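Note that the chains take the letters A, B, C and D in the order they are written out, and that residue 1 is the start of every chain.
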Amino acid sequence: MVAQSKKADQGKIDNRYKLLDRAITKHHNSGYALIEILHVAQGIFGYLDNELLYYIANALKLPPSRVYGVATFYHFFRLKPQGKHTFVLCTGTACYVKGANEIQRALEQECKCSFGETTSDGSVSLISARCVGSCGLAPVAVIDDKVYGKMTVDEALQRVRELRETEKERNV
Amino acid sequence: MGVVTFTMDDVQYSANEGDTILKVARDNGVHIPTLCFLEGLSPVGACRLCLVEIEGSPKLFPACTTKPAEGMIVRTQTERLKKYRKMIVELLASEGNHQCAVCVVNGHCELQDLAYEVGLDHVRFPYLYPAKTLDASHKEFVIDRNRCVLCTRCVRVCHEVEGAHVWDIANRGINCEIIADMNTPWGESDLCTSCGKCVRVCPVGALLEKGATVGELKKERGFVKVIVTARSKHEWITVEDHEEE
Amino acid sequence: MTIEDLHELAEKERQRQAQYKYRILYCSSAGCVSSGCEAARTALKQALEEHGVAKQCELVGTGCLGMCGEGPLVLVHNDQTLYQRVDATIARKIVEEHILKGNIVREHTIDLNDPFFAEQKKIVLENMGKINAESIEEYIAADGYSALVKVLSGMTPEDVISEIRRSNLRGRGGAGYPTGLKWDIVRKSPSDQKYVVCNADEGDPGAFMDRSVLEGDPHRVLEGMAIAGYAVGANQGYIYVRAEYPLAIERLRLAIKQAERLGILGNRILESNFNFHIDIRIGAGAFVCGEETALIRSIMGRRGRPRPRPPFPSEKGLWDKPTVINNVETFANVPPIIRNGASWFTSIGTQKSPGTKVFALAGKVKRTGLIEVPMGISLRKVVFDIGGGTPDGSTFKAVQTGGPSGGCIPEQHLDLPVDYESLQSVGSIMGSGGMIVMDNTSDMVDVAKFFMEFCMDESCGKCIPCRVGTKHIYMMLDKIVKEEGTEEDFALLQELCVMVKETSLCGLGQSAPNPVLSTIRFFREEYTKKLQPTSCYEGNASTITETNGEQK
Amino acid sequence: MKPRVATVWLGGCSGCHMSFLDLDERLIELADKMELVYSPIADIKEFPHNVDVTLVEGAITNSENEEYAHIIRKRSKFIVAFGDCATTGNVTAMRNRFTPDEILKRSYIELAEKNPQIPNDYTTLAQLLKKARPLHEVIKVDAWLHGCPPTADQIWFAMTSLLEGKIPVLPPAYLRYG
C-alpha cells in the first residue's frame, strides 16, 4: 500500500519534471530565460525548493548562487510551500487610504503570523499584494483567487476563521 | 585614441578617451574616497562615496563610472559632497554589526579608514543590529556577514577573475546578503576553488582567513590577477558576461 | 496579407457589426471582473436567449469603461446608455425593458453628460466601450493598424520620427522625456541589432492605467511598438508585464497571436520589407524593474538592479544594443498621432505637455475609476468635477500624484494645471498616473510612512543611500507617528531625505523621499505637533562654549 | 571655583576608567584643575547636581543605565561619551542579535555549574533592555571620545580642553575606533 502510493507520487513527480523540461527546451536552455523558467516551475510545483533550483541551475547552466539570487530578489517567487488557503490583502495606496492597514493588523493578530507567512497549522497563508488594481472597490481582498471588495475588519476575520474551521474539520 | 581636457578642482587635466574621472584623479594623486570600486573589477557605482559634482548639472555622478568630457568642470571636495560622504559612512556603520575592538582587520579596515577620513565621531542613526550569520564551514576561510558592507567585490572577483561564481547576492533592500551557491554552507561548495581572492579583496573583516585574531589580518588588496583556475571548468562563464551587481 | 486585404477585413467587420440591432458591451476589465461582471454577462446572455433576441444582439466584453467604483458596467452601444452596478436582476430588466421595448431603465443608468465623462478627452482610451478587447477584427474596423499601414506605405523612418518629434509627445511613464528625441538617438546609434521594449511593469500601488489599456486595447500597444520598431530600425520587441496582471498577459498573448496570423507582426509585415516580432516577458514582483536599466537586466533573467547612466539604454540597452524603452501609454499614443498628424495632437493639452494623460482616480472621492483628461486641466476639476469631490461629511485635504515617487498636493495648489512642470514645481511628479485623494481623516505623517515602507521594501539594495537610508527614514517616521520622535529626529529626517534624494543611484531612491518632503512642506504642523521634548541640563553650572579644534 | 567633573560607569568593562588612570602623573595636574564630584573610583553615593563635565563609560544596556542616563543628563552641563561602548555600543552590543531571554538562559541555566536559575527579582536587579544602545541614542551627548579604550593621550586632550572651557573636537589622529 505504502509502496504503491510512493510509486504514484514518483510518477507524478516525473511528469512534473517533464513539463518543466519542455519549458526549458522551448527556451533553448538559455540562462536569459531564468525568470520565465522560475515562473513555470513555481506554476508546476507550487514553490521553489533548493532541489528544484539546483535542477534549473544545471539545466540552464547557471551558477547556483545566481539562480538563488534571482529567486529571492523577486517577491513573486516562493521558496516555501503555501498554506491550503491564501488570503491576499491589497495594500495599495487606495486600499491604505480606506483602512487596509487595520485589516492587516487584525488578521496578523488573529492568525498569529505576519503577512508573508503561513499559520502554524498550515491552513492559511497571509499575503499582501501591491495593488490588485480594483482601487474603486477598496479595500480589496483576494481569498483563494476570488476577489472581495469593500472589505471590513469583521468580514476579514470571519472569513479567515471559516477557512481555518473547514481545514480543522477536514483533518478530523 | 582621443584626448579630452577637463578641469578638476580648478586644475586642468587631460584624459585618454574612455578613462573615468576616478582613474584620472588617481593617476594624478587627487584623492576621492571609494569603497565598492577596486581596480581590475567592473565598476558598479553602488557605494556613492566617489560622487562628484559636474558644473551645469544638479545631479551628482560617480567618478568610477563617469567619463570626463571636453571642457567639463568637476569638483570632488565640495562641502555638500563631504557631508554626503560622511552620511554614507554613517549609514554603513549603522547597518552592520561592526565591533572594531574584536575584529580581525582592526587597524587595516577600509570602513575604519573611511570613518576617520570623513571625521565620523558618532553615528546619528540608530544602529540596526541585524541578526546575521557566520559561516565557518570552509576549511581555510570564514564569512562573517555581520561585518559585510555589501560592496560585492567578492561576487565580482569570483565571477570576473576566478570564474567560479560561488558568491551572489540574495534577497533585496536592507535584507541583502552575500550567499554561496544555494545559500548553502561555503565549505560544501563544489565551485569554490579556495583561491582566496574574495578574502583578499574584502574591504572589511567579513571574509577572513581562519586562525587570524583581533587586528591580525592585513589584506593585500592591490589587485593582482592570480592565475585563473576555475574559468576553464565552467562553460557558463564568458568574459562578456560581466557581473555588474 | 496586403494592405488591401486589411482594408477589406475592416469593411467586412463593420458590416458584421452593423447587422446587429443592439451591441451590448459589458466592461471586462479587472475592476468589473472583481465586482462580478461575469454574473451580469451570464444573466444578459440568458435573458437574450430566453426572449429569442440573442441573434439580433451582440454581447461583447470591452475595455475599462472608467467608473470602476460603480461596476459592473454595461453599455448599450447604439444609444450610448451606460448602466451601473448591474447584477443579474438589473441585467434581466435591461433586456426586458431596453432591448425588447426600447425603454431605457433610467434608475440604473449613469448620465454620460455627467462631468465624470464630459470633462474627459479620450485618445488612449478611445476604444474602451467600443470594441471587443479580444478581437483584432474589431480593432481593425475601428481604424486599428491604419497608422502602421500609413507608415509602411510611404513614410521613411525619418518621417515617422519627425512626426513624433513635432507632436512633442513626452514619456507617459512619469519623467516626461521627449519620445521622438529618444527614438532619434536609437535610430542614429550604429548597431546591427536594436530593440523596442514596452515597460508595462506598472508598480505604483494605486494605479492601473497600463493594465486597463493592455486588457482593453492590446493591439494599440502592439501597433505603437511596431511603428517604433520601424522608426528606429529594430526587429524585436519585448513587453515586460507584471505577473500580477494575468488577464493583461492573456489578452496580450492572444493579440500577438492574432496579429502574427494576419501578418501584421512577424516577417515581411503587410508584405513590406519590415520585420518585427514581439515577445512577452513576465515580471516577478519588483517595483524597481520599472527603472529602465533594472528592467533590462530583468528581461535578461537577472536580478533587477539598476546601473548608473550614462550610458543610456538608447545607446546600450538590452544585450548592450540600442534600445527604445517607453511605457504602455506612450506607445498607445503613437498610432493616433501618426493617423491624425502631429498638429492634431499638439492642439490638445498644453504647449509643453500636449495630449492627454490617463489617471487612476481613487481614494476619498465619490467617483473612482479610470479617467483620461487633456493636459493642463486643473487638479480641482479632476478631483471635484470628475471625481465629484470627497464623500459627504468629509473635507478635502490633499491629492497624491506620482505614487511612491510623488508628493501630496494640498488645497491651495488645486488650481495648478496638470502637466509635468507644474506638478514638479510643488514637489510632486506626474508619475505614471496614480491619483489618490485624501480627506481630513488621513494622517499625513502616516501617509508618508506608508509610501516609505513601500520604497524600503522595493529598494534593490545596490546603493547605500537607498538601501539603508530608506530604512532609517521609515524608522524615524514610525517613531514620529508613535509620538516618540524629537526635534533632533525631525531635523535629521529632513537632512537624510535630501541626502537620499541626491545621492541614490536610480530613480527609485532619488524619488523615494518625495512623499516625506512634500508632506513636510505642506503639512509641517502634523509632524511638529507629534514631537517630544528631550531631557536636557536643568542646572546652572558654568558654561563651556568655545571649541577646541575644527568644528565639523 | 574649580570645574566639577564626574565619571560614570554604565554598561562597559571599566577599561576606559583604567585608561583614565593611565594618565599617571598627569592625574596630579588634573586634580589641581578640577574637582572630582562623582566617580566609581571615589566613594560618593548620589550623582550630584550642577556638574560641569561628565564622562560616561559604557552602553545603555539595562533599565538602571537608562534611568541613570537621564539623571546624569539633567544634572550635567556637558556630557562626553567615554569610549567605544558609549559611542557605538561596541562589545556590549554584541548581545543584540539575541533576545534578553536567550541571553539569560544561556548565562544562568546552560552555563551554570550549580543551582541554575534565572534571576527574577527586579526590585533589586536591573532588567536587561531589549537592546544595548550607545549613549547618544538615549540622551543628548555633547562630545565623543573613541577607542576601546581611549588612550591616555586622547583623554588628556579632551580633559584639558574641557577644563579650559572648550568643547573638545578631536583631531583626526585621535579619531580611532577599536
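Just so it is clear, a residue touches a chain if its C-beta (ideal position, glycine included) is under 8 Å from a C-beta of that chain, and two chains touch if they have at least 3 such contacts.
Quantities reported herein were computed from a predicted structural model and do not represent experimental measurements.
Q: With contacts defined as at the top, give the pair, B-C or C-D, that has more of them.
A: B-C
Q: For chain A versus chain B, what separation do you get between their C-alpha means, in angstrom?
A: Between these chains, centre-to-centre, one finds 36 Å.
Q: At what distance in angstrom does the C-alpha mean of chain D lie from that of chain C?
A: Each chain reduced to its C-alpha mean, chain C and chain D end up 56 Å apart.
Q: Can you check how far apart chain A and chain D are, centre to centre, with Cα atoms defining each centre and the answer in Å?
A: Distance between chain centres, rounded to whole Å: 50 Å.
Q: Quick check on chain C: which residues sit in contact with 2+ other chains?
A: Counting only residues that touch two or more other chains, chain C contributes 286, 303, 460, 552.
Q: Can you tell me which residues of chain B touch two or more of the remaining chains?
A: Residues 119, 121, 124, 126, 169, 171-172 of chain B touch two or more partner chains.
Q: What positions in chain D touch 2 or more of the other chains?
A: In chain D, the residues touching two or more other chains are 170.
Q: Which of the chains are touching one another, listed as pairs?
A: Inter-chain contacts occur between A-B, A-C, B-C, B-D, C-D.
Q: Looking at the complex, which residues from chain D come into contact with chain B?
A: Residues 81, 84, 87-91, 93-94, 96-97, 131, 133-134, 136-137, 141, 143-144, 146, 148, 170, 172, 175-178 of chain D touch chain B in their complex.
Q: Which of the residues in chain B end up touching chain D in this complex?
A: It is residues 93, 97-103, 106-107, 112, 115-116, 119-124, 126-127, 129-132, 146, 215 of chain B that touch chain D.
Q: For a test of understanding, state which residues of chain A touch chain B in their complex under the given definition.
A: 31, 50, 53-54, 57, 61-69, 72-73
Q: Write out the stretch or stretches of chain C touching chain B in their complex.
A: 286, 303, 305, 307-308, 310, 456-465, 467-472, 475, 492, 495-496, 499, 502-505, 552
Q: Mind pulling up the chain A residues that touch chain C in the complex?
A: Against chain C, chain A makes touches at 30-36, 38-39, 66, 69-70, 73-77, 91-94, 96-98, 101, 129-138, 140, 147, 149.
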